[in-house]
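Both complexes shown next keep chain A, but they swap its partner, so chain B is in the first and chain C is in the second.
On to the complex of A and B.
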């Protein structure tokens, strides 16, 4: 078995204590939620924290509650399995429930958290490997090296955003609640990302993601998630498609959104989705034409790279198929789109 | 073969008591509860942990190694390199081309270069980072065709045939004439990509060098005996001072049937440090150790008459061997030699070449050497059927080889249940009303195969028995079986228990099995070539039949009756009526157990426990025990290589597979596999079905998901179980195991193999089913969605524009 490098484990029992600890330890510390991404990455010597601060005993981060205004407040430590099966999430944010249900496999969904999922490190076939393997390759930009093996001559890392829940949260207009040594802040998830595969999110050293706020969705809200992967379980996405359709009177779309992931460093929204979908009527030729067109648009706008292992051309070819199927599933009020 | 090697197919006491039942495995509960002791569970006082430094280069000369800093690190006890273990080894006597740690050069990324023993794994790992190796990189050969085209620098120096690992060319009859006269000839190229075993237990070994000068190595091996021999050779310790033990094993599938670096390294380090030393491979290291299924590029030409009778098969095969020979010599033969059933063809020729490349070495994986050609041939046969408009099952029937016959390459065939296998899958799958008639996107395919049940060819030629056992019969009523056989999860220990209990009329818990310990057990060659049940089974029956008469006689004399009136049933000895009841009609109830009086006792008949019987016999004849052995008869064709692939019996399999194809995503879903397998006699139908299901599962995975390879940098493409995708439960099709029993005249009670044969047809049957579903022929593995989409597009283009190339007469 690969060994976990030595580290000091700290287990604060309150949010305040956790913030203090992180401030004291600075860049040498890392936060651990479920540890399902952190620990494998430590074994691969991608992360080398001296101190690991576990959030497992911090009560403020748990649970899924609803604010009086209908906002769903999902604690950062809510388990992926909890989210997949929560009645309120399924009703108010079906795309999120579906995405959560397709994260990894059953054991990992019980251990992994939504916070850890949003903050999942970007992935690349030349990066998520052991130290020996990476050293034999000569390392890469993202860790210990100076070149990129995906984009020859590239000066920017394009490791793939691979969290299933992130695109779903984007279609839901989620807001992240963060605390740090300088206090409390909120940020719209759309504003959270950076286009850099080395670090793709704006979270300062010592900051803790506390909760994810999902604004109320209208009664006609529908959403779905489509996930392309080789196996029916365990595997990270080869492509993820989240969509949203808010449907009003006469089955007319009042709001629409489409976000894809597992392409490059951050999830990618198809900006024309809203305008193209709004005011079409579900079940009509016009709606079908709209989703076909969005599939073609997404195909044009999204490029697959050799960051994710497997057949890049096939992944690209699947973009219109998964866009169409996911929008269809949302329209029909079902989903997820997944091969098993 | 001595007559003692054939024991008949009948129950020893009239009717089978254990054989034919769905019995638990002897180690089933221990494994399920976590109590089983695997090699990594061994912890000895003062034990050190060892780690391996591996090559970061695919091909390089080693200029220097400096371990001074590593040796200075606290907790480090020893560092060894190739110079400490320079003696070559290899599983086959003719190709001893490996060393435990690289000597002079490295030939693939991940090759062992040095090893450290330290107080724990962390210290050993830290020391590895301090070892400085200077390399001079050489051109890396990643493609077998390139290896064959040039060999400067060669991968192995001093060979007269460059990078050729092995070349075999054999011809039987005039293939060219037969194909020239054939009504139809199909010619095409097929590619098998390469897969690995992915056993869940990684390789592990523990070495101990005792004060008595005895070296003990515990290893997760499936070939204790060959490891024993190799250790003696490499370490220069006489074999009688070496003991090799295989603890409980977590899967092998052929991936633990070579001697491996870690076995020599723990032994050497134990001898160097005076401490026990353990080495456990990481998953990544298992991928470098590999020995998985060879990639093969295969060109087949098959000719037939208008009626679909095969007249000739011509094959040219290029095999990507990786960096070392391993079993490659055998693989190169098997690739051709094992194709000559279950169909008869009058002429046959094959030319196979194994090339060295700078990749982890390939070797034997479940269905060694024959899964790849079988895939190619069964797809070609299907194409022949569709070209001639003959039902695919029917064309197979028209070419049946039959039983008690000889193949075109001179292999003796005994029992053959293939015709019944075809009937069974045809019926179970409702083939007649469904094949060719399902809606577009759904289809069914068939394929057949034959596989060896043991091989007559021991890995080093010798006239001694291939399987041997010893029985110890104890006053307590216990019989201990000592067998060198390696139980790798296939259940050989369980089979030993059932057979001895059957032969000696004991309850199952009166038989315990000690296996795979070279100090205690007579030599057995190991778990490969599907030989254990067949060979060890015969050896067990041999041993039982030597000792049983003594016990029977002791009881008969005690009762003063004829020995024919003494019967053992489930551990109780009863006196039969005079004359005996009908042979099978033992009236003793199934519940009879030692200690409880059987119903017959009430009827006034005499009885005693087996323990009492053993005591009578021991008093009369002295300590009771027996040895038993098995050797194959003289088999095989009378030509160089003619004995390779010659088996004392062959198993036969037919699959029907049902698939659905999503024409938009290209994804193939294997919906159901009907597996009919002729295993001779199912000694334990549950174990047979388990092997059939496990085989089919593995075959489906190789067709659709698993791919073992290196990337353009010469690095393993993804040495983890996240990137090497073995199917999960949700990816596994419904599997129907349909056992066919042909009762082989030479197998133990008629049994043959079941562990490897049932894998073969899965892969071609999927390709054939995809043809039925959407009209494309998949000839390059794995059948990825991208390839399916490309083939669908090509089919559409062909339909729209230029006519497709003629199917007959060579499509390429």
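On to the complex of A and C.
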């Protein structure tokens, strides 16, 4: 049995009411969307808020709509299952639909939201454990302690960004809409992250993520998501690879992107992906050489750590394999890349 | 708070931090929903919320107010209320196919399968596997569980149901193949 620590639950029925409540309660309150990350973390006493503000009854945060300019507006409370099966998302943002379809298991995809996925707490095998477990090890930097068990002598937490949807949203140039006591702001998802495993995102106390805006993609847009995990269901990523290929006349790539996750505190873009892929033609030797080279580059640039469980060397060797396969899947209009 | 469980509205007194699973088990005495990992991994606590399988150890009881909750205890009565006979066909098939050993995963498995069949009366083998992929079983190796659900689909399609594993073994023995 894992009991939740005591708290007071508030269930506002409008966005305005939620913002006011959060302003009044300050740092003692936490937001809950689907609760599938927050509640296990609270059961592990990683968070012990005095007040939990549920967004479950706030209608403004729901639904997936399209603006007149073609921007897909995904409400922060849109469920992961809804995103995985939405025709508009599958067409305009296939990498996102694929990533959403591989989050957790079916029951949790019905409860979990896209907002909660973007704001997922970073994960580490020495952190996502019960209080008793953590106390036996003497705690760590991220919570209640002073040392890091992943990087000996390390003074910075390197807990891993582990949300499957986040790298896909980065390849799509998504923009986050945020509301707080000081009003409304927008931020490109690329600018949202911090390199700190303790808190890896720029969201002030009391702020609410309202929606995620996905700009229109061209007709030749292709995308895919690859996920390495222990079992074919339920598990968090041991490695996540999102890619984008916008293909123009004569199957020529006009834009490309590659972002990996489950490595360190923020998802990692391979900056050479765009230049290396652009102007290659799908199905040619040149394209195959480009994706091989990107696999090798990713292998060089990405380091696996013991923040994520499993064999670190094996995870590292899987980087070029998943980079290649995911780019191949996108080129073929397939995906996701997954072992079952 | 008021919770609608298996068709009845219950007036329950429980603190804000209690989960739906805790209220079901420790206020309403409905212990068919199992408390396994208590953190979303195993699916033993699966109940139907508005007809869909959900993880009751990660839903606050108060968040379930106003929703229709069905637990394993409600399945047989619900089947009878709909004019059926005997237990729910999924329960019956799990029994016939020996789709359990310790039984801990069973209520969650059965509810996930029930919801699938309500939505998709004739699912493919892959759809069955996917629908049950959030329910872990540490005992059976899953074969008999999948066969149990396949047998219901086979009956609906009017085709031969999968042969039960021990029947296959007996056939082998009779033929002197062992």
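As a convention for this text, the second predicted complex is superposed on the first by the 340 of 340 C-alpha atoms of A that agree within 3 Å, B and C clash if a C-alpha of one lies under 4 Å from a C-alpha of the other, contacts with A are read in each partner's own complex, and residues count from 1 in each chain.
Just so it is clear, contacts are C-beta pairs under 8 Å (C-beta built on N, C-alpha and C of every residue); 3 or more make two chains touch, one makes a residue touch a chain.
Quick caveat, the model's predicted, so the values are computed rather than measured.
J.: A:36 contacts which: chain B (first), chain C (second), both, neither?
T.: Second partner only, chain C.
J.: Would you check which partner chain A:9 touches, where first means chain B only, second means chain C only, and both and neither mean what they say?
T.: Touch status of A:9: second partner only.
J.: Determine, under the contact definition given at the top, whether A:1 touches first (chain B), second (chain C), both, or neither.
T.: A:1: touches chain B and chain C.
J.: First (chain B), second (chain C), both or neither: which does A:283 touch?
T.: neither
J.: Applying the document's definition of touch, where does A:309 land relative to chain B and chain C: first, second, both, or neither?
T.: first
J.: Looking at the overlay, what does A:107 touch: chain B (first), chain C (second), both, or neither?
T.: Second partner only, chain C.
J.: Considering only touches as defined above, state whether A:233 meets chain B (first), chain C (second), both or neither.
T.: both
J.: Quick check for you: in the superposed arrangement, does A:137 touch first (chain B), second (chain C), both or neither?
T.: In the superposition, A:137 contacts chain B only.
J.: Applying the touch criterion given at the start, work out whether A:333 contacts chain B, chain C, both or neither, answering first, second, both or neither.
T.: It touches nothing on chain B or chain C.
J.: Pick out the shared contact residues on chain A: the ones touching chain B in one complex and chain C in the other.
T.: In the superposed arrangement, which is not itself an observed complex, chain A uses residues 1-3, 6, 105, 232-234 for both chain B and chain C.
J.: Would you tell me which residues of chain A are touching chain B in their complex?
T.: Those in contact with chain B are residues 1-3, 6, 105, 125, 129-130, 132-133, 135-137, 149, 230-236, 309, 311, 313-314, 317-318, 321, 339-340.
J.: Which bits of chain C are touching chain A when the two form their complex?
T.: Touch list, chain C to chain A: 15-19, 35, 37-41, 43, 46, 52-55, 58-60, 62-63, 112, 130-131, 133-136.
J.: For a test of understanding, state which residues of chain A touch chain C in their complex under the given definition.
T.: Per the touch definition, chain A meets chain C at residues 1-9, 11, 35-36, 39-40, 43-44, 52, 54, 56, 104-108, 110-111, 232-234.
J.: Using the touch definition up top, name the residues of chain B that touch chain A in the complex.
T.: On the chain B side, the touching residues are 54-57, 109, 121-122, 125, 202, 280, 282-284, 662, 664-667, 669, 705, 713, 715-719, 722-723, 725, 727-731, 784-786, 789.
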